[in-house]
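Next up: some structures, all given as structure tokens.
Both complexes shown next keep chain A, but they swap its partner, so chain B is in the first and chain C is in the second.
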Partner chain A sequence: MGDKMAGLRRMFYPESVAVIGASANPQKWGFGILHNLIQGGFAGRIYPINLNREEILGVRCYKSLTEVPGPVDLVVVVVPPENLEQAIADCVKKKPAGVVMITAGMGEVDEAGKRKESEIASRLRAAGIEGLGPNCQGMMCVQSRLYAQYVWLYGKPGRISLLAQSGNVGSSILGRGIWHGIGFSKFINYGNEAFTPVHELLDFLTEDPDTGVIAIYIEGPRDGRAFLKSLSWAAARKPVVILKGGVNEAGTRAVSSHTGAMAGSNQVFLAAARQAGAVVVSDLDDFYYAVVSFAGQPLPKGNKIGIVTWGGGWGVLAADECGRLGLELPPLPEQLARELGEMLSYRWSRNNPVDLATSGGNRGLIKSLEFVARNPAFDGVIHIGIGMHLGALKMAEESFYMKQPEQEGLRKLWLEGSKKADEIIARKALEISVELNKPVLVASDMAASPGPGNIGWEVLNESGRLIYPTPNVAARAMSCLVRYRAFLDRGKTD
Partner chain B sequence: MGDKMAGLRRMFYPESVAVIGASANPQKWGFGILHNLIQGGFAGRIYPINLNREEILGVRCYKSLTEVPGPVDLVVVVVPPENLEQAIADCVKKKPAGVVMITAGMGEVDEAGKRKESEIASRLRAAGIEGLGPNCQGMMCVQSRLYAQYVWLYGKPGRISLLAQSGNVGSSILGRGIWHGIGFSKFINYGNEAFTPVHELLDFLTEDPDTGVIAIYIEGPRDGRAFLKSLSWAAARKPVVILKGGVNEAGTRAVSSHTGAMAGSNQVFLAAARQAGAVVVSDLDDFYYAVVSFAGQPLPKGNKIGIVTWGGGWGVLAADECGRLGLELPPLPEQLARELGEMLSYRWSRNNPVDLATSGGNRGLIKSLEFVARNPAFDGVIHIGIGMHLGALKMAEESFYMKQPEQEGLRKLWLEGSKKADEIIARKALEISVELNKPVLVASDMAASPGPGNIGWEVLNESGRLIYPTPNVAARAMSCLVRYRAFLDRGKTD
Partner chain C sequence: MEVIAKALRGKRKSLTEFESKQVIASYGVPVTREYLVRNAKEAVARAEEMGYPVVLKGSGPELLHKTELDIVRLNLKSAKEVRQAFKEIKVRAGKKLKGCLIQEMVKGQRELVMGLVRDPQFGPCVMFGLGGIYTEVLRDVSFRVAPLTEQDALEMMDEIRGRKILDAFRGMPEADRKMLAQALVGLGRLGVENERVKEVDINPLLLTKEGKPVAVDALVILE
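Up next is the complex of A and B:
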């Protein structure tokens, strides 16, 4: 395994990249890939391979891969199927560490395509070359500033790595993350999985020191048994979140024409994946929020959750979702109830959720969060209260009353006060979570209608923690953290 | 029932509104309510009631409700509990059509509060007065420009009415809708339900010609049997979507301290609500998208769905979710497969989902949508392809290559082309749906990271149809439409 991992490492942290099929035509993928390599700031050597051009995008072209002087670590193949033969022959001669085959129209189309890609795979593997695809969008590694991919997605450095059989599902997670300022390490779109099998890519991410959380979108591994073995090895070391494509008859049919994968016996596969320690989700947004939660939040020590809310309905929905997922909402310990009671008005809930019923103001929101988070009865907190000041902000900005010249002072006070309040709550949620090493998930409408001036949103996004757009999403993300912790604990004690 | 409905009608379309407890202090609810009435542009007479002031916000004050000359249709009560007695006595004398009691700290706090609110209720009802609350945020009616509420949420006119036991759950739906430009009719936050029972409010919305879709967030009706009867009457006439708060032990405990409602036997209640024709959801975002879908989309004739997608993974996730929900994905009829095959490249899926695998360009996306939508094999379409041009747009805006002066022409072409492409697809999705009277739900990452310049987003939002942020959300919304249609059909034939 050492050699193989070294090969993959060289592929993701290359000193040189060649693009066979590089094009000067901005409409072509062969342009997009080369462009993105340059745009992404790849620091190593780039070799466009093109028969007819001297240079593309200011970079010198070579007529074939074999003409390139010195070693090439990574080769991106983006030629039409009819030119594949030559490209592969050249790769076998040049022996790069890895090949990314963008070219599609193979195993996902018909049996002939399946035979073809499998024949190519044998030749590459015999030459000791790793490979992604065919039928993929490419790969990225933020730490090596390598964007060997078609999509316009440049991440900031972080510890989330995506292993995605589908380019556009992976892009969705990347796109959301970039919008929120979340950091990433790798995006590996492996398409038809004709070359390096997904379990070896997973092994690589498990060993990769830049990867802290592994997010997998998988339709069907070629070698299910090997995948589950690698999964088990990975999940014991890092959180692994899986979104499975093709979980029923309708989805399985879609899979067969997408990546040609065999979705197989899904319920057995999913049960085995859970057994191996993966956190399995079934919704694209849940996938995103679970992955981001593992990257941004500490793990809870158990399943006892405290909910602190400014408004009752959101507290009820959070409680319902926790109940649905088997999270416990312990009653408030007496001492805590007393402390809260001394601070809050007669209207508060005296219950978990701690529903402030809008009483106690900002201080109430912040102190309740702090009291509940500090109490050992709770392993994690869902906090609902940030963004409650957006109404005041809106009013300060748009109200006929506030626009009167004589209210200018009040207007400014409200404008600044509303922003400040959210900032303080967001910082408290962040600080207390770091201090106590307990997850504090903040849920707010703010995440559902974002915009400039949401300082709380900015504070939490910058810290990589985000705001969850509904109480349901927050509770589901918390349950992912809890499930993984439970797996780790069982792993230790069983 | 006639008188009662007439009373509620007068309450929601009043000619005059009094605010008992109106305040000149911007920190107080008694200010916020009065302010919002004025800000919202209420065209009738407004009477602030305040012992110590001559005027507030430029409106003449009265010392008590009974001093107001002429009739008062609606009274908002926003006094502390200790001043409630006088306010109620005045209401009983003045006999408005309705009272909105914002005042909280009653039935949701303890048994004494429960007795108190029930005693007030008897007096109001004996005087023929309708009422919301106590412990609520108020109400709005966009068509009468009535914003007798505390929150800063001004809708544009539409056919969605919200009946919400929780103010902040209702506000979430309103807030999302306003952000997306969705129209509303009424927001009724009924809090502790001590006065007019929720089933009568529901009857009112069923009769209300301005209401086309009814969205209910309910924790526990006081009279479950009457509610189910009204629900049955409503659902036979208009789509009714229900989000239930308190569906398990954890949620039920939260409910009891929120609105003091008895969540009761939830599974029985939910089954009965479905039986009565309500579409029941359990997630806040699903609630929003279901409600908006009923307002913006035609009902499908059955459960046969066609999926057209630009990218395979999203197609798989949409298919999985459809399968999970019992929606059928029929195979492509031969003639349709031929038509699509003539237009698309060899790579397309030849399957439902119609996965273009990025082939065929915009024309492919548009024509595939059109062919599938027109085919009688499908009752509704999920279309995934808008926003695929955002990468090109980003590139035109930010690429080092496009910034070169000599690429200015190309840059402009891409900028405009990308926007135009999305606009055309969005318009086609809209037009074909209207023409064929079939739902066409567009799902795209665009809705997950919105921003200015998303013309497709703007086109669909303006039409009230929105873009669904994930394939899962789109499929779940489609299943809500399908379930309601199935109920209507059973209602006809059984």
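Up next is the complex of A and C:
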């Protein structure tokens, strides 16, 4: 186990990388991989392997892996299946820590492919070489600036690591996260899982100090019991979020033609994953927001949620979703209700959700957030009301009335005021959450992505947080945090 | 277990209901009070001992699907009815009949299901859900991989959509979750300790008027 983990560590933090099948043709994957490796700023040595060229992209080529002077830690194989023989023979001789086999058209296609990949697997294993793929798009490690992958995605450093059977599902989480300014550590796309089994990759992420949250997209592990064991080990130490593909007959058909993996009986798999402590989600949105929430928010102590909303409907939707998910919405303690009543207009809801009924202005939004968050009756807060000022900003910019020269003063006031308002809410949400170590999830469909004037987003994003697109998504993300806390607390009350 | 070993020696693929219940009872699943009897006279004697009403079922290693074979007689209220039922079952089952099972008639409106399956990936897994005719229609079941902790068992009960069936309602008391959990944990242990047990099907598992679970029918499949 120790050697294995050391091998994987060397594979993800290599000093040298070779690309067998490096190409000068920008249409080829062999070009894309080499290009991305250079673009990512990898600090170690890069060795393109190409029979016919002296150099590609300004990097000196070698005719074969065995010609490369000195050790090679990682080898990316990007050759068609018929040229694999030489590549594998050279790897066995050179003994890198790991091989990433991009090559497709193997076990996912037919029985002959399956036999071929398992034959290669036993040769690599005998030589003590770890491996990803075949039929994958590569791997990434932000901390070692290693982008041995085809997708054009460069993360900023963070604590989220993705372990994905499918390259495109992993890429969609990574891509959305990068667009949102969320940090990542690793992206491991293991494709056909012919070499290092997924449970060992999971063990590696569990031991990896750069990984704080593990996100797994899986259709079916090769060894269910071993996966479950590794999952229990991981979930006791770090939050693990799982999205399982291939849950019904149609999905399962797509699975077998896609990666050649056996999707185990689905209900049992999901039960097993939950039993091991994973947080199981069922679509890409929940997957993304759960993972980001684990990385950016503290865990709640329990399932009692307070909702603060500018308008009634949002609060109702958030409360509905909390109810569906088994989150509790305790009534407001008397003292808190009194304090809020003294501050808010007579229209406010007098209950949880605390609905300001569009009264109280920005001060109301901030103070009620603070009062509710500080009250020990609540383990977490969902706050809906940021982002409305983006509308006011637009109004100040476009209103025919405010454009009149004599209204210049008013216009300025609105412009400044709306910019400030979201900033203040976002800062309060962040500060109070950090101070109290309670999750505070801010939702607004108007401000749920970065954009000009979205200062609330910028403030939260500096701390790896974001604005949730809807009350429902925020409630679901909160329930993921609650579920993991409940798992960690298991047995404590028994 | 000797019951299982004996059946395997006889190259049988399953246990009778009587044997199945002996096995699950030894792992903590509460079962109906019942006796194997060879003739109507013994049946009546046992019925008098238990008190009416009773249930009479044909028994034999080859008599797997008792309802379909029409060899189950429910709610028998007198010695006369027991004798009549015995006669009917004998005619229906013919040579395959090795005796009859006479058991207490458990009254309960809530039907649950418990089971054990061997998943090709995860090995023995325990199932819990809504029982009787609803099992197939609603498919409202949850699973856990064996071995189970009591916490696992309690969680899987909470996972079915129809979990409110375990609460107190319409004058019925809350189900005894602790007993249910012990049964589920026991089933998991049965699966782990007996590799030749391929499946267990306990359906229905009734909740009595007091909210206690009782296995009314059970089938153990071997491999």
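Please note the rule applied: the second predicted complex is superposed on the first by the 486 of 494 C-alpha atoms of A that agree within 3 Å, B and C clash if a C-alpha of one lies under 4 Å from a C-alpha of the other, contacts with A are read in each partner's own complex, and residues count from 1 in each chain.
Here, a contact is a pair of C-beta atoms (placed from the backbone, for glycine too) under 8 Å apart; a residue touches a chain by one contact, two chains touch by 3 or more.
Quick caveat: nothing in here was measured; it's all calculated off a predicted structure.
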### Message
Once chain A of both complexes is superposed, is A:G315 in touch with chain B (first), chain C (second), both, or neither?
### Response
first
### Message
Which partner chains sit in contact with A:F269 here, chain B, chain C, both or neither? Use first/second/both/neither.
### Response
second
### Task
Based on the superposed arrangement, let me know which partner A:K63 touches: chain B (first), chain C (second), both, or neither?
neither
### Task
Give the label of whichever partner, chain B or chain C, reaches more residues of chain A.
B
### Task
Check the residue A:S172 against both partner chains and state whether it touches chain B (first), chain C (second), both, or neither.
first
### Query
Between chain B (first) and chain C (second), which does A:A448 come into contact with in this model arrangement: first, second, both, or neither?
first
### Task
Would you check which partner chain A:R338 touches, where first means chain B only, second means chain C only, and both and neither mean what they say?
neither
### Message
Applying the document's definition of touch, where does A:L284 land relative to chain B and chain C: first, second, both, or neither?
### Response
first
### Query
Is A:R490 in contact with chain B, with chain C, with both, or with neither (first, second, both, neither)?
second
### Task
Go through chain A and flag every residue that touches chain B in one model and chain C in the other.
none
### Query
In the complex formed with chain C, which residues of chain A make contact?
220-221, 223-225, 228, 262, 264-265, 267-269, 271-272, 274-275, 490-491, 494
### Message
Quick check: in the complex, which residue numbers of chain B touch chain A?
### Response
26, 35, 38-39, 57, 104-105, 108-109, 151-153, 164-172, 175-176, 178-179, 217, 219, 243, 245-251, 253-259, 282-285, 307, 310-324, 327-329, 346-347, 349-353, 355, 357, 390-392, 394-395, 399-401, 410, 414, 445, 448-449, 469-473
### Message
List the residues on chain C that touch chain A in their complex, please.
### Response
117, 119-123, 125, 141-145, 150-152, 155-156, 159
